[in-house]
Every structure is written in structure tokens, then in C-alpha cells.
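There are two complexes below, and they share chain A, which is joined by chain B in the first and by chain C in the second.
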Partner chain A sequence: MIGFIFSEDFLLSSVMFALPIVFAAFAALISNRAGIVNINIEGSMSVAAVCGTLVSHFTNSWVLGLLTAAAVGVLMSLLLALAALRLRTDSFLSGIALNTLATGLSVYVLYAVLGVKGDSSAAAAVAIPKISIPVLRDIPVIGKLLFDQSVLFYVAILAAIFLSFLLRRTKLGTEIKATGFNPAVAESVGIRTRVVKVKALIICGVFAGLGGAFLSMSYLQYFSAGMVAGRGFIGIAAEAMGLGSPWRTAFFSLLFGAVDYFSVGAQTVLTFPYELLNTLPYLMTIAALVIYAVINKNKKEK
Partner chain B sequence: MSGYIEMRGITKVYPSGVVANKNVNLSIEKGEIHAIAGENGAGKSTIMKVLYGAEKADGEIFLDGRKVSINSPRAAGALGIGMVYQHFMLVGQFTAWENIFFGIEEKNALGVLKKKEMIRRAEELCEKYDMHVDLTARAADVSASTAQKIEILTVLARGAQLLILDEPTAVLTPQETEQLFGQLRLLKKSGYTIIIITHKLKEIMALCDRVTIMRQGENVGVYNISDVSEAEISRLMVGRDVQMKVDKEKAQPGEALLTVTDLTVRGKGGRNAVSGVSFSAHRGEILCIAGVEGNGQREVVRSVCGLNRKYTGEIRFGGVNVAGMKIRKIRKLGLSHIPEDRMTTGCNTAASICDNLIALDYAENSRLGFLKTKKLRERSCGQIADYGIKGTLNQKIGMLSGGNMQKVVVARELDSDPALIVADQPTRGVDIGAIETIHKRIVAMRDAGKAVILVSADLAEVFSLADRIIVFHDGEITADITDVSSVDEVQLGRYMLGLERMEVQHG
Partner chain C sequence: MVDIIDRFRRCVSGQEAKSVLGEIAKTLVMLALSLAFAVAVILVAGKGSFETVRVFLTSPFEDSYTLSRVLTESIPLMFTGVAVSIMSRAGQFNMFVEGGFFVGAFVAAVLAPELASEGSSFLVPLFCILCGTLAAVLIGYIPAKLKAALGVDEFVSSLMLNYVVLWVVLYFVNNVCGDPDNTNVTKYLEDYAKLPFLNQDNELSVGILFAVLAAVLGALFLYKTKWGYAIRMTGDNPQFASYVGIGTGSVVVYSQLIGAGLSGFGGGVYLLGNYYRFSWRALPNYGFDGFVIAIMARNNPALVPLASLFLAYLRVGAQQMSLYTDVQNEIIYIIQGVIIILFGAKFLWDMKFSRKKTEAAK
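Coming up: the complex of A and B.
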């Protein structure tokens, strides 16, 4: 058991399990910083996953598949923007509606294209490749962790750098933060907060799309209904724990990824009902959010 | 007539039908400090918001003789007009320099910020106008006077030539006010034009060159300060002679009704908001808690009134320890509380005047769950007449002006037959006429043998009402003044800033 947790395999698998959560968390981060809650990250990932894997299959190109997934993520985000910002509905309720829509839409796309409802394993995608650097990858422990990973692993690191630079050092970042913190003040200096929110949602959509693509084009090479399995929501929880900082958010995503993997991997080393093990990531999410709420409450009282 | 700013025939009618400005003409000369004086609801803020583009109205505006249309604050900014609101428009999580350059950031072609450049320019501004602020402090962490300086710098950084300040001294101590006036005079010397909205007569006399007086949405006169007296201005503002000084006999303090012993309340960041404070409030006496906002007064009031239960020390009310008691129970003991913020805790803005008036005792005035409507409505009608509330029984209280809303709160709290009245900023943002009413009522309560605790940041109010003053600074009592006539505003200010400390006798 201890050996299992401290194995190289556990570390590598945790990172792999963490990747979709990281993208979901970054998606949540950028929209939350702009003050618009997007709880449809789960749904966006799902629709992006199915579209990405199918395009990859039919075009024989993982690049086109990945770009499609990102574009579909943006489209899903724009649907929320349309509802919440243009038609002025409640963003939370619209998010719930879009999630429900996405569940059906992803299966609908699958059925419309392949005529099946369960999964697209009959039309396997061209997988997103690994970047493997000779020599460096042979360094013990960190070699495989840092120099022998899926393209999306490096994209995630670039995304974290991008986000922290965006928020700290750019005009758009300043506008996003101000819109989230105090929209009235932002408006008073002539910032159109709705436009800022749309921009944030577009970035949010790209991340959600990448998260979906990882699941159906890297982790597996096909889409299966329900494969996002709450990772969009877990990402939102990880973001909440990260308190708006990209690096902290990435760290908590990694933690959630480890628990996620543990719930699967431990089944081989533990004599414990796997149904219960499978609940771990979700229990952890609840526990994390409770801790987060308590910390926040104490902060406010101080 | 060709002033710097000419506003002609400005008429503003709000959708609710309230006429805020009636055919107002206003003329501002370049390089003057001009006061817009008037009671609350006189339309002085409205006319300034029209000039700043935050409100649309009928009429014409001329700048340097040229007709301009100002549709938004942005347009006003482009014409060199900037406004500092009473409620600061700062992003609390941003630093001072980030706020100063917010929206006008220096950046390269890629949108990357030039941080060093901006800090350097901010420092230059501070230096030039003698406003020293810590540019890297977060706006949420600085004092009100610093926040105000940041606001002024923000407006200056945008190249404003005309500064409009809305009640700028409401949150300042006498010393800070003096400092602000010094800075404003410096700005005037540098060629800026300044308009301040205020109802504080002393400040108009001390700072301004001219005053425009407004009443009920109309301009009732423009005067050179040298040609007019305080009394005249106040008469024009109210439309009748106002008694500026509250008539009251010497207090006849009775037994101690509320005793607070060694009260400590934890505050932000683990520091004590209130540390080891002891005092008592006596029947027949108005005890005034003075201090710059945020020095522990709020926490003391919240603890006494049962809104905060996390404290150490003891609070006894009529001999009963109130620790852990529910608010309703403490109120049953005879507490009434006029909260500092009428909009959030003082009343339910979505409910009617009548509903707000009966909020304390509707339960006692009902049978089998049904309200004794007739009785309650009759009583409420009486209160509306009694306190001169301009409104009707079923009108939503949120529609009333600040002064009238406050009168509703005061009526409810004072008519509940209390033994102790905690009045927290009872006249903040209330016009002179209503202040007079509220002050008279408070003194009448004292004369009827009630204990009164008055929390006020307004020194004029402190001096006209208090029988005894305790001054708070940084969670401690720096002075306990039993002979109010023995101190002046300057001395009180020194206690408020913690520059000086009186030997405090407890009890």
C-alpha cells in the first residue's frame, strides 16, 4: 500500500489523471476572476471531447481534432455568454441548463455521426502524441515526469504561465480582475465589463475544450458517454481551493488527480469494495469545499 | 456671463416622478473653489452628477463658452472634469498605484503593463500635490483619508482640470480635514477649479470662494463667501431659521444602566478591534462615543446590541449579564438601537413605511397569528405625523430620501419605550431640518431619564449633544471627558488620532 503510493507509477498516473482537472480548473479560474460563474465546464468538456475525437478520426489529424475541441469549448462558453450576458439570465441557472443540454448533445452528436449511443470506440481517434526527449527522459523519477509526456502536459504548464502573466502583467488581466472584484468601479473608468466577461469566457472555453480533448484523444482514443465523470466540477473545486492563483490551482488539481487515480489504482492493492473507493474523488471534493468555506468564513470574520 | 462652466436650465425628473433639479442655472469660474450647499434631497448631488455625465437631464452645458454634451463620465473625463464620490470608487484588491492608473494603464503594443513607469508617474503626482500615500498598499487596507487621496490622484492622473468632491470631509477628522483643505488650496493655486458638495457651513466659510445654495431642486442664490454669513446660508438652505444649537439643560445623571467591563473583541488579522475597554452609561445622560471610524466603536456597539457574541469581558444591562443572549431578549430588557446603516440594517427597504414602523412589536400586537391591523396602522399614522415623515403608510420606505428614512428608524426605536438608546450615527446623511428633529428627540429621551449612547463621527453633533465623551482610538479609550465644555475640536481630534491620551478613570 505505502509502496503503491510512493511508486513512480503512482506519480505519473496521478499527473495524467490531474490533466483534465487542471484544464477544467483553469477554465473555472479565468471566468471566476472576471466575475462570471461558468458551471458548465463539465458540459463543455463533454461536447468538446466527442467533437474532437470524431474530427481526429475522420481527418486523421490530432491537431485538427484538438483545435476542434478547443473551438467547441469556446462555442459552449459563448452560449453561456449569450444567455447570461446578452439575455441577462442567471449565469448559474443557465449553466445548469447548458450542462443538461451537453449531456444529451454529446450523445446526439455521437449518434448522428456514428449511429451508436454508447461510445465511439469503433472510430478510434488519432491520439495526441507524446513528446519524448531522449537522454533527459532517462533521469530517474523526474525524467519520465517532465520529459516523456503528452503534448497536453506541456500545454498545461504553458497555460499556467500564460494565466499568471495575463493576470499580473497585462491590461486585459487588470480589466478581468477589476471586473470580478468591483464591476461598478470598472464601469466607472469606462471598461465595458460585459465585453471583458465574454473575453474571459472565450479563454475559459479553450481550456474546457482542451480538458475534454485530453479525455477522448489522449487518455482514451474514443469518446464514451459520461466519460467526463464530474471532472469539470472537481476542477471548479480545485480552483476554489486555489483562491484564484494559477499555480495553487494547479497544485490542488494535482492533489485531486492523485485521489482520482488512487480510487482506481488502489483496487489492485487493497481488499476494499471498489464502489466505495470510486466515491473518493467526490468525497474529497466535498471535504475540500468544506475546508475552503471554513477558511473563507474565518477570514471574513477576522 | 461667460464662466468656465455654465449650466443652463437643467431639469432632472427621476422615473419615480421626483423632480431633483428644476430649471437650475449654475456658473463656475475658472480657478475658484465653489461650494454647492443644500440639504439632502436638495438636488446638489444630482446637478453635479449631470455635470459629470452620470445622470442625463434636460438643459445645456457650456465649457469655456462652447456648448458641450456630456453623456457619460468618460465624456466628462475627456473634457477635464473628474469627480470624487462620497463612496470611494476604488478596487479594494488593487494597490494604490494600480487604482490611480486603472483604465489608463501604460502598456506596450502587446498589452503588457509598464509597472515601473506607472509607479514613477504616481510618485511624481504625490510629490507635486503634497499627497503622500503608500503606493503599494492595497486600497482596502488604507484609511478613509488615504483612500480619498488615492481618489483625488486618480482623477488628477486622468488630466482633470475641474474636480468635483462629494461631501469630502464626511469621513475625516478635523486634522485630516485641515490637511485636505491645504491640498485643495494648493490645487487651486496650480490652476485647478474645485467644486465641493457639502452641507457643513464652517467648511464652506473656511475653504470656498463662492457658494451656490440649493433648496428643493432649485438654485436659491449664489454668494461670495465674504458677503454672506453662516446663518444666512443655513436659512437659505432650509428655507427658515434653524436653531443650530440644541437647547438642553445640564444633565442629571442617575444610576449606571449599562456597564461594560474589560471588553475585548478580536478584529481583522488577529488584532484586537477592541482591547480591554470599560465604561458605563448612566440614566439621564448622553454618553458620546467619538472617534475616527474603524477604531472599535462599531465592534462595541455590535457587542452591546447582541449582534456580535464573540467577545471577552462583561456587558451588564440593568444588572443582567447579556452574554450569549438573543437580540430580541436584549431588546426586551429595554434596549433600542438606531443602526449606523439604515439601508442594510436599519430598515427593510423593500417593505412599506408601516411595516418598518411595526417591526419591533408586531408579535405582541397580534392575536392567533393575525395582526391587529387597525391599531398598528393608527399608531403608525400617528408616528408619521409626529416625526414629520414625508411619506404615506403604504409607501415603500426605499423610495424616501435618506432623512425621511432615518426618521422612520428613529421613530420606531424611540417609541418602543426603551431604557437605553444606542444611536449609531443617527444623523449621517440627514438634512439639517431632520437633524434638528432627531436631536430634539434624543435630548427629550435623556430628560425622561433614559440612558443614551451616541456614536458619531460628526464633531459638531458630538459637541451639541454629549454630556460626556469617551474617545476611541485603535480599540482603546484615549479620553473620558466629563466636562464637555473643557475641550475643543482640535483637542478632541488629538485624542481621536491617538496623539494624546487622557488618564482614564473607569466607571
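Coming up: the complex of A and C.
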């Protein structure tokens, strides 16, 4: 058991399980910083996952699949922008609406293209490859962790750098923060908050799309209905723990990823009912939310 | 009962008559819009023919069996719709409706075959349903209390709780209280362990009466009691509500407990009314449905039955359509999503409102 947790395999698998959560959390981060609640990350991931995997299968190119997934993520985000900013439906309700829509749409796309409803295993994706650097990858422990990973691992690191640069050093970043902090004040100093929110949502969509693509083009090479399984929502929780900072958000996503992998991996080494192990990531999320709330409350009282 | 009906009439007529009638008129216009959208989706995205549209629109009315299926499908929608309406009115976005419905159905299905026997009264299944309700309320207390005491976001916590409930229930079904002769299901429900049918021929259970009753009581509670008043005040403006002495913390808790209870009760009623055993292996999505209904009903429990019947009609139509044509019924989720956005769109409501104003000005 202890050996299982401290094995290299556990570390590597945890990172793999964390990647979709990292992307979901980054998506939540950028839209939250702009003051728009996007709970449709789950749904966006699902539609992006099915479109990405199918495009990669039919074009025989993982790059096109990945780009499609990102584009679909953006489209879903723009739908949210249309609903929440243009039609002025409460952004929370719009998110619920789009999640419902995504449930149907992802299965609908699958059926329209393949004529099946359960999964797309009949049309396997071209997997997103690994980038493996000779020599460096042989360094013990960190070699495999840092130099022998899926392309999306490096994209996630770039995304974290991009996000912190964007928020700290660019005009758009400042506008996003101002809009999220106090839209009325931002408006009064000439920031067009609606435009800023749309831009933030576009970035959010790209991340959600990448998260979906990881599930259906890297973790598995096909889409199956319900495969996102709450990871979009867990990402939202990880973002809440991360207090708006990309690196802290990534750290908590990793933690959630580790628990997620533990619940799967422990089934092979423990004689514990798998149903109860499956509750771990969700229990952990609730526990983390509570700890976060307690810390917040103490801070306020001081 | 007469007293309740009388009070309900006064609640609908009386002072609020104008606004309630206005709400109903607006709702009907929106329903027509959503129906038009549904037809457009079927024709364009589903590449359906006009025959497909005809099946979608008219097949629910074809015979008494499909008609009773519309009523049956509306049962869970009414319960979850009232539950979400009451919680949303208090400003609480709680997704535990999903888990509550699930656990309520499970507990009722496990207890009923044990407690009921040949010739026992229908009060026995009712008691089992109440036990399920209690289970849902107890679990629903977790996100409610966490929100009130620590400010933990009830949306994410209740959503996570749903997955926990799902897996724990599956654990019990698989290992503890499943049917020894079958895997992955609970024991068979004999007729005496179930709620009676209103009409044996088309399998309409008395659940529909409970569902309508829940809507009526929900409306009375929300608009005619001081607790309902506190809920509405808290939802409209929590700062003001606590300023005038409403205990918003307790409103947050009891509104969510009522929501959890209603969904648990609904789950039990639906299962013992319409199933022969508990065999769900995934969350049945009634929580999200509750939001669709609550939006359509503008969070007014009195309008929930109307909205539920409409959505149930769309669903039965879609099921028939996927049975007889090759347009798939997943299209209904797309339509549902658009319905929420349409009904929630302040843009559209305001547009109508301002037009009315200008007409009045003329």
C-alpha cells in the first residue's frame, strides 16, 4: 500500500489524471477572474472530447483533432457569452442550460457521425503523442515526470506561465482583473467589460477544449458518454482552492488528480469495495471546500 | 381539502391575480417559442421530414397509453421542479435534488419488499417513501449547513455529494441489500409493495396526485406562510432580509432541507409508483430537469405542473419520434438547454415589458 503511493508509477499516473482537471481549473480561473461564472466547463469538455476524437480519426491527424477540440471549446464559451451577456440570462443558469445541451449534443454528434450512442471506440482517435527527450528522460524520478510526457503536459505548463504572465503583465490581464473585481468601476474608466468578458471566455473555451481532448485523445483514444464524470466541476473546486493564482490552482488540481488516481489504482492493491473508493475524489473535493471556507472565515475575522 | 383549494384559489386570484395571469400569459408565449425552436431543430439539425415533426407533436396524444406516459413522465419533473423553485427562491442553487431523488428512490425500494406483505395497507409503501424522504433530508443537511455556517458554495458541494451518494448507493445495491437472485438490482416489488395505480390499464400511478399536491402545497407554503415569506425576502435581498430581522442562516438551511425532502419524496413516489425494482446505475439527471422546470415556472410552484406537463409532452414526443423515425431523442436535451436560456433571458422579458409600457403610454 505504502509502496503503491510512493512508487514512480503513482506519481506519473497522478499527473496524468490531474491534466484534465488542470485544464478545467485554468478555464474556471480565467472566466472567474473576469467575473463571469462558467459552470459549463464540464459540458464544453464533453462536446470538445467527442469532436476532437472524431476529427482526429477521420483526418488521421492529432493536431487537427486537438485544434478542433479547442475550437469547439471556444464555440461553447461563445454560446455562454451569447446567453449571459447578450440575452442576459443569469450566467449560472446559462451554464446549467449549456451543460444540459452538451449532454445531448455530445451523444447526438456521436450518433450523427458513427450511428452509435455509447462510445466511439469503433473510430479510435490518433493519440496525442508523447514528447520524449533522450538522455534527460533517464534521470531517476524526475526524468520520466518532466521529459517523457504527453504534449498536453507541456501545454499545461505553458498555459500556467501564459496565465500568470497574462494576469500580471498585460493590459488585457489588468482589464480582466478590473472587470472581475468591480465591473461598474471598470466601465467608468473606459474598459468595455463585455468585450473583456468575451475575450476571457474565449481563453476559457480553449482550456476546456484541451481538457476534453486529453480525455478522448490521450487518456483514452475514444469518447464515451459521461467520460468527463464531474472533472469539469472538480476543476472549478480546484480553482476555488487556488484563490485565482495559476500555480496554486495547478497544485490543487494535481492533488485532486492524485486522489482520483488513488481511487482507481488502489482497487488493484486493496480489497476494498471499489464503489466506496470511487467516492474519494468527490469527498476530497467537499473536504477541500470546507477547509478553504474555514481559512477564509478565519481571515475575515482577523 | 376544500379549505386548501379555497385558499389556493385566493392565492391565485386575490391580490396577485394580475401578476399571476400575466405570468401565465408570458409563460405560454415562451412555451410556444420553445416549441417552434424544437421543430426548427428537428427539421434543420435532425434533418427530419414534416412527418417526423408530426410524430413529435401529435404522437403523445395518440392514445390513452401515450397520454398516461406524459402524465407519468411529469411526476419526477413536478417534484424536482417544486424543490428547485423553493430553493432558488431563497437564492440557493443546490444540485442535491439529483442525489435526493436517487437516495429517496433507493431507500423506498429497499424497505418496501421487507415491510409490505400480501394484503397490507398502501400506507406501508407510503411509510417507506417517508423513510427515503428522511434519508434525503439528512444527507441534504450537509451542503445546507456548510453553506449557512461556513459559506461553502452549495452548488459545487451538492454536486460532489451527488456522486458520493451515487457510489454509496451502488455499493449497497451491489453488496448489502441487492436481490440475491439478481445482480445489480434490488428485490422485486410485488403489487402490494407498490403505490396503487389510478388506472391499471395504462399504468398511471397515484404518484401524479402526490406530485400535484406537492405543487399546490409548495405554492401555499411559499406565498402564504411566514416561512415562505422569509424565503422570498432572503432570495430577493439577503442583506435587507437580515436587516429586518429574518434569520437568513436558518432560511438557507430549511429551504434546502425542504428541497432535499421534496426530491427524496419524489424519488420514492416515482420508484414505488412506476418501477418494479431499483435498477438505476447512474444518476438519472432529474436534478438538472428540476432547473428546467423551475425556470419555466419562474420559480412559482403553482406553475410547475404546467411546465412539467409541457416538458413531459416534449419528451414523450421525442421518444416516439426516435422510435418511429431516425431522429434521436437526445435532441430533447438540446431543446431543454435552449428553453432554460430563453426563459431565463432578462433580455426577452424586458423587451416585452417595455413594449407593454410604451403601449400604455400611448
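Criterion: the second predicted complex is superposed on the first by the 302 of 302 C-alpha atoms of A that agree within 3 Å, B and C clash if a C-alpha of one lies under 4 Å from a C-alpha of the other, contacts with A are read in each partner's own complex, and residues count from 1 in each chain.
Keep this in mind: a residue touches a chain if its C-beta (ideal position, glycine included) is under 8 Å from a C-beta of that chain, and two chains touch if they have at least 3 such contacts.
As the structure is a computational prediction, the values presented were derived from the model and not from experiment.
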Superposed partners chain B and chain C on chain A - clash or fit: fit
Partner chain(s) touched by A:273 [first = chain B, second = chain C, both, neither]: second
Which superposed partner A:296 touches (first chain B, second chain C, both, neither): second
Residue contacts with chain A in the superposition, chain B compared against chain C: C
First, second, both or neither for A:86, with chain B first and chain C second: second
Partner chain(s) touched by A:117 [first = chain B, second = chain C, both, neither]: second
Distance in angstrom between the closest Cα atoms of chain C and chain B, superposition on A: 5
Complex contacts: residues of chain A adjacent to chain C: 39, 83, 86-90, 92-94, 96-105, 107-108, 111, 117, 226, 229-230, 233-234, 236-237, 240, 273, 275-276, 278-279, 282-283, 285-286, 289-290, 293-294, 296-297
Residues on chain B engaged by chain A in the complex (per definition of touch): 72-74, 77, 89-94, 98, 102-105, 107, 110-113, 115, 266-270, 310
Chain A - residues contacting chain B, complex: 169-172, 174, 177-178, 181-182, 184-186, 188-191, 301-302
Complex interface listing, chain C residues touching chain A: 45, 93, 142, 146, 150-153, 155-157, 159-161, 163-164, 167-168, 170-171, 174-175, 282, 285, 288, 291-292, 295, 328, 330-334, 336-342, 344-348, 350
